[in-house]
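Same chain, two partners: chain A is paired with chain B first, then with chain C.
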Partner chain A sequence: MDWSHAPAVWLILLPFVASGLAAIWPRRWHPGYVMTGTGALGLAVLGWWAPGLLDGEVVRWQHAWMPALGLDFSLYIDGLAALFALLVFGIGILVAIYARYYMPAHYPLKRFYTLMLAFMGAMLGIVMAGNVIQLVFFWELTSLVSFLLIGYWHQGESARDAARTALIVTGGGGLCLLGGALLLGHIVGSYDLGAILASGDTIRNSPLYEVTLVLILLGALSKSAQFPFHFWLPQAMSAPTPVSAYLHSATMVKAGVFLLLRFWPVLAGTDAWFWGVGTAGLVSLLLGAWIATFQQDLKAILAYSTISHLGLIMMMVGFGSTLGVVAALFHVINHATFKASLFMAAGAIDHEAGTRDLRRLGGLRRLMPITATLALISGAAMAGVPLLNGFLSKEMFFAVTLGSDYGTWVDTGVVLFAVLAAGLSVAYSLRLLVGTFFGPVSLDSPRSPGEPPRWMRVPIALLSLLCLLVGILPARVVGPVLHAAAAAVLGAELPVYSLQLWHGFTWPLVMSIAAFASGCVFYVVTRSYLAEREATAWIAPVSARRVFEWVMVMLTETLPRWQQAVFPARHLQVQLRVLFGMAAGVAALVLVQFAWQVPAPGRIDVGLAVLWLVGSGCAIGAARQAKFHRMTALMLSGGAGLAVAITFVWLSAPDLAATQLLVESVTTVLLLLGLRWLPKRIPGLVRSSPRTRRRRLGDFLIASVAGGGMGMLAYLAMLHPLPDAVSRFFIENALPGGGGRNVVNVILVDFRSFDTLGEITVLAIVALSIYGVLRRFRPANESLGTPHLRLQAKGGDPAMRPAHPGATLPGFMAVPARLVLLVSPFALLFAVHLLVRGHNLPGGGFVAGLAVTLVLIVLCMARGVRWVEARVRVAPLRWIAFGWLLALATGTGAMLLGRPFLTSWHGSGTLPVLGTWHFASALFFDLGVFAVVVGVATLILIALAHQSVRAPIGVVRHDDTEPT
Partner chain B sequence: MEAVLAIAIGVLGASGIWLLLRPRTFQVIIGLGLLSYAVNLFIFSVGGLRRGADPVLGTVAAAGSYADPLPQALVLTAIVIGFATTALFLVVLLTSRGMAGNDHVDGKDGPA
Partner chain C sequence: MLMSSLASLMLLIAQLLLLLALAGAVWRLLRGPAVQDRVVALDACYTDGLLLMLAIALRTGSILYVEMALIIALFGFITTMAFAKFLLRGEVIE
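Entry: the complex of A and B
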């Protein structure tokens, strides 16, 4: 057959594109048109494929996605997928038309249709997935969109609660499904659906079969609102009615059924399958029907009835018999038609009467005769009345239960339970229909009801008509579609089944009559009792929802509180002590193990030893002084930093030395600027208690052991140099590949430039965060006065104090100020030099950027921030933006030339005067790094320096107040 | 040479950790600085120590006579990121001091 498979990918993209389109749809036109059109297009494509699909062909489309992981993005459309796609598009069109008139124009309609279309795409993604990982992805997507749609009226607390519950249950189920999908892939060795479907025996015989089955079942049952996960569905009724009709009756809740049918060929047929799927289905069937009988809200009845009917479908799937699969598929179609129609009718009643409460409704038959007739047809289908589709699938269901040949009480029990559930479904259908449409006209409804708009009735009418058509001419109307879907699941072993109204006087017919009679009797007997009843008899005290809420409270409140009480989460020191204590423990192990076999130290480098005698002294001094003499500690730690810089020079790393030196200077200035805002020393706190001293001793031990371990580790590592495979690559390729002789710089701006791009992004984010935090900065009150040193300057003479905060003292540093002014142009020139030569000689963007910042700092120190700002226009945010965008542009430039992101180009040429000049495009990247570093450093420093200059919010500054 | 540097790393690390365990924010920020010196030196030293090696490629690219560039590149970025985190920490500690009214790491001046 000559038909192209390429439209498959367009079909899956279509709803997502339409979803985006609906979001930007012009105000003049209703966004409902987008969804109607999408559905129609989808149906057209399905119609185009129909001949092949009905013949049992599979439409496939594949695109390499992550070939290294064996993952393809693939589409797999067989009869089963086509049946569900038909529901998605078909019901989608009707719901779109219905919602056009149901949803008032002042609601956020674009959001509604955008989400509905996104859901359509996600649901299609599930049914058309040709790869199980892809299936899980779209599965979770439907949960997410369902969450957003249930929470459509997010102002209401119940809607938010319901949305959250649905997301937790279905999303959690999706995670289990992911586990199941991964296991399937592990067992089969491929995630491809075709491969998985072809290896049923491998899967069933695998030791992992039970685990896989349980995980997949958890996903399917939670999605299809089956016991014990059923409670999210009734809550989800706080969504707008079109959403309930579409997601929560016709399509999304059927995803679980779809999943089980999809994997039926490889998972079904075992005892575990029968008990797992069958039990969940049976319990949901009975429980849903029982609770539905007691509801007073129309949508609640329909929601519990949905749980019940899905339970019925699940049970048939669970039987593992081939007829069960056919019956399940048949009921999927029938349930979608009558339930969507009933939901829309319930919405129409709500729309007209202003209430959905059975106790306030009645006699609507006379006020809205057409809607009443349509609802009666669909309701009768739900009850399983002959001549309607519900009757046929129910007969088939009875036939399946009769076919149960377990040989124990199970067989009899199943038949009895089936009749019982069918009877209950007759009873609640009667309650729904009689209570709403018959009896005296209700005077209790808020509005005076009438027929809804015509186009609101048309979708209901079409679905009701379908119920009738299928019920009377089943073989003509759904025969081929059902056959194709069943053949896709069952392959060659298709059972003999006949789709017709009259099978003769058979056992299923007897069961039907029994169910019908018992339902009617039940209804008549309990009618007045149920009219007043609020809670479900017998099972009301044990509700799955309450259990769920209890678990949630445990997890989100009780448990964290307990943890907070037990673990010292509020005390940083204790946590750090535990952390470093553990590190010290490991360090101690290392020390003990290797202490005997440490190689003797070689020749001691006297210069380095002297340097580190001073450096270690500085470090220990800083550690001692940091509490009471912050300035001293800062200078001492600077000394240690200087020792580190000298070490770098000593050990042939000039780039590091320069960076360390400059960072050290900038950091020191930064901390100096912060010192002012820290509290003054409290004179009384000199003597320490024995407890404090004990704690310090413990800390000292931890620190010594951890430090010793670090040193030992470093010593051992130094004596066992790493194999230089990676480094050798960099060294050998720096010149030919990167066009630079300074390998460190080539690594930064060429080989690993993507990392560097990430790094400057982090820098920019940090700077912006600091900027943001400082904008709201409120210093402590006691730090607000003029600093102590300022008041004491020039002998404390008030006349000599600076005129305003931020200005320097008169005559302060007059000579250095001049010198700084003279030197700064050369310093800037040197910074540019560092930048340009960085590729071949020590230097580069980081160092150059820090150098420029340092020039600015020195200027600020000598002349004051205000003086500098009046003369130099510093716009750090622009520097950051320019640098980051330039670095990015360098990367994308390579992509425009057909190379991978951030590929560099280099060459050399001869310039007049300068002579031969090597050039690498990485220089632009380095320029970007340079600009970001300048911007970040100046932004931080100026933002901090400004705190001293500007008056805090709501505080009038008095500069002459004495320090308190 | 190795022993000296190892002792230096140990002393820097011990001083840094000691300060990290102290209750005052300024002690912690200085401690972080010292600890990052130790860690940077450690990463740098893992490549092996070479005195008088060529930092920049000559005409012939020979791996043997050349200082290992990889740890250097790692440490260079570490130094710059360290600067950014120190700055961020400083601002956070100043804000915390302004809001809590003290400079204790827990924001509450309990028994130190």
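Entry: the complex of A and C
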């Protein structure tokens, strides 16, 4: 049967592809067709599989995704998944047709359908997931798409609020679910759904069972809008009505139910399961029904009723009895049909009358008779009237509650609460239907209502028809599907249940009659009271939404404010102090255990000691001068850098020395370019008081501790013999494996070339960001005046001043300029030399790139930017793009030849004239690095240097104010 | 034998003297007093570094260290030039 499994992956890809298609759909055609077509195709595939699925077969498809982590992309479609997929596709088609006429053409329809289709794919991903991590991924995807759809009208504040609330609640639940999934994988040893489902006893007996259960429950309850997370669903009603019908009643909110049913075989049957799932379900059932009774907005009634009905399903799942599972599945189908139909009807009323407020509606039976009839059927199904599907699942629910055996008072309570909730459900259904369709015609509605377009009624009609068909001929219509789904959850131990209208005069029927009668009485008695009522009786002061808002305010306002008061963000010093203090503390904790095994230094090299004294002197001097004499500090750090470079040579690391020297020069020039724009010192601004002196002493201590700690770390690292396995591997394999004698370079461009690729990517991104930031930067007015250092300088000769911004004096620095011209070709040649021989001897793309940049810099300094730009075409962006693509292409080339990404090739041979040649493909990679480095450095350089040739808009440069 | 030990002794002395010169230049770098003094001192540091590398190259007999000296020779003056330009013109690149 393997041939029939291949379409599984196409089935999951289909909605996503369609989603992309809808985004670029031509304007001439309505994007709704894409969604209708997708749903129809999906149903066709399901229909093709139907014979097998109904026989209990499982369609599986697997692809190794990250085999090293034990992660597969796998699809697992059994009866349960098929039932939910049926809902996703079936209701999807109807919603697409409905939305085609509900959404006015001037709305951003492409966005709507793109998101709806993306949701369709994400929801399918949940139900078809064969791997729990994959399930969590799609779970989060549905939260995200739901967020975007609730915020569809993002101009409205309430929509944005609602979207954010929904995302925080369901996203947080998803995080918990991820924890639960990881724990499941940890207990079982595999993330594969088949493996997890096969090890129920292992999971239930594991000491981690309770934690896992709680985490998974948090995910399921938040997604299904169950108490105490129910508050996001009514808010989510600010989404367009098709979204409410599709996501927030028929499919997405049922994901929590799906999850619990999916893991029913391995998690259910314990007391923890009963109390956790059952209690949440019972509270949601009653709370939702009670609040729904008090609502005036049609969609709000339906939303709270959804919470209530989902609570009912949860409760049945929570009982842990097999009949409960069957009843839950049955009610999932029934609720999806009548609730989606009612949502669409409410949308039609809103569409026609312009309001959803019960107080402003009435008598619509006369104005829109067909819609009224359809809504009456679905509403009656919601109330549980016989001959309709809601009646049957309610009977089954009563039967389940009667079968409860958790102790006397629990059993009695459950039965009473069930009747109570069913009665309330009758009452709010009556309010909804009577208030909208009966009574005198309301003249209060903004528009004069009439029948909605025919195709808007068709989906409602189909769903209402389904309510009737299931209600009258349940075994024929849903019997097989329900059986397959229940068998997928329960396995062989299916309970005895009968799908038929008349079971005889039984206890569930008595309960039904009691609920119906009490609901009617409640409605009649409270009718006029409820018509005026704004808030829900008894529980209005305690609202979960208010608690949530309080928590959000705590987290986003109160806590940050407190934290800002304690660690003021305005004073960076305080933050730095905390940061470095903590780092030093942690480091001290680690280092203290080495303190008594610090090896004594061996022979002291006098020369090196002198060099280091000199270097440290420079470094300390730089630190001392850094605050007020930036240029001096820069020079001193140059001295320190030189000392480091000489040390590298002394310790036989010419590679590092070359890099250090070139980086030193480039950095100095770049810093000098930026130095010009830093604010000047304001004399007398900082007074030296005992307090500042104390503060400085503290800073000095922190600096000494941090520096000393770093030094000690380096000292320890150098004196401790390291396990040499890694470095020996590199040294031994550089020539045979990488074809190069320069181990450092071989590591960079071959062994760890993926890291290097990442690094040059980051480098390119950094350069582009700098360019982006500085492109719009205009220097501050204060820094426009002539630099004060230039005023102090002896060369403050008026003749030396440029006549206008960007002007270059001819003959200025003439000797260096001439020398630079002579040296540059050799410097460039040297750079090429460094690049080419880099694989075998010190050098490489990075160093060569820096060298080329330096040549450009020195030319710019000596001859001016304009001179250079007139002669050399510098296009840094192209350099970056070329280099990065070349590096990538080198790696991909290996893949084309069937080797792993970034595998290098090297070989050697003899040529007639040139002698032996040796070549490694890593040279191309290095060439890419080289080009990126050149591009990045020149881009930053140009971005900085152009500041000086550019005056701020509308401000004349202050060069003339210079005293002579 | 004697010659080689004499040569290595001379090289050691040369290195020490160069280091002393470096220390002197750094002293000027630290003390100033004028900015120009510091720039000249930094340039002297680079020259000292170049010579030190040559001395190391002679001691170890490795051509690679000569190349490091070459790098200083080719690129070391850029820093000095940048500072000079900054002091004279206020801009490094115009």
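Basically, the second predicted complex is superposed on the first by the 863 of 964 C-alpha atoms of A that agree within 3 Å, B and C clash if a C-alpha of one lies under 4 Å from a C-alpha of the other, contacts with A are read in each partner's own complex, and residues count from 1 in each chain.
Assume a contact is a pair of C-beta atoms (placed from the backbone, for glycine too) under 8 Å apart; a residue touches a chain by one contact, two chains touch by 3 or more.
On a predicted model such as this, the values are computed, not experimentally measured, just so you know.
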When the two structures are overlaid on chain A, which partner does A:Asp161 contact: first (chain B), second (chain C), both, or neither?
neither
Of the two partner chains, chain B (first) and chain C (second), which one does A:Leu854 touch, if any: first, second, both, or neither?
second
Mind working out whether A:Glu549 is in touch with chain B, chain C, both or neither, as first, second, both or neither?
neither
Output check: A:Leu841 vs chain B and chain C. Expected answer is one of first, second, both, neither. What do you get?
both
For A:Ala703, using the defined touch cut-off, is the partner it touches chain B, chain C, both, or neither? Pick first, second, both or neither.
first
Is A:Asn742 contacted by the first partner chain B, the second partner chain C, both or neither?
first
Looking at A:Pro654, would you say it contacts chain B, chain C, both, or neither? Reply first, second, both or neither.
both
Looking only at contacts as defined up top, I'd like to know whether chain B or chain C touches more of chain A.
B
Touching partner for A:Glu869 - first (chain B), second (chain C), both, neither:
neither
Which holds for A:Glu57: it touches chain B only (first), chain C only (second), both, or neither?
neither
Would you please give the residues of chain A that touch chain B in one complex and also touch chain C in the other complex?
650, 652, 654, 841-842
Where on chain B does chain A make contact in their complex?
1-27, 29-31, 33-34, 37-38, 40-42, 44-57, 61, 63, 66-70, 72-73, 75-77, 79-88, 90-95, 97-99, 101-103, 105-106, 111-112
Parts of chain A lying in touch with chain B, wherever the complex brings them together:
570-573, 576-577, 580, 601-605, 608-609, 612, 615-616, 619-620, 622-623, 626-627, 630, 633-634, 637, 640-641, 643-644, 647-648, 650-656, 659-660, 663, 666-667, 670-671, 674, 677-679, 691-692, 699-700, 702-704, 706-708, 710-715, 717-719, 721-722, 724, 726-728, 730-732, 734-735, 741-744, 747-748, 752, 755-756, 759, 762-763, 766-767, 769-770, 773-774, 776-780, 840-842, 846, 933, 936-937, 940, 944
Could you please specify the touching residues of chain C with respect to chain A in the complex?
12, 15-16, 19-20, 22-23, 26, 29-30, 32, 35-36, 38-39, 41-42, 45-46, 49, 52-53, 56, 60, 64-65, 67-68, 70-72, 74-76, 78-79, 81-94
Counting only contacts in the complex, chain A reaches chain C at residues 606-607, 610-611, 613-614, 617-618, 621, 631-632, 635-636, 638-639, 642, 645-646, 649-650, 652, 654, 657-658, 661-662, 664-665, 668-669, 672-673, 675-676, 786-787, 789-790, 792-795, 800, 802, 806-808, 812-813, 816, 823, 826-827, 830, 841-842, 851, 854, 857-858, 860-862, 864-865, 941, 945, 948-949
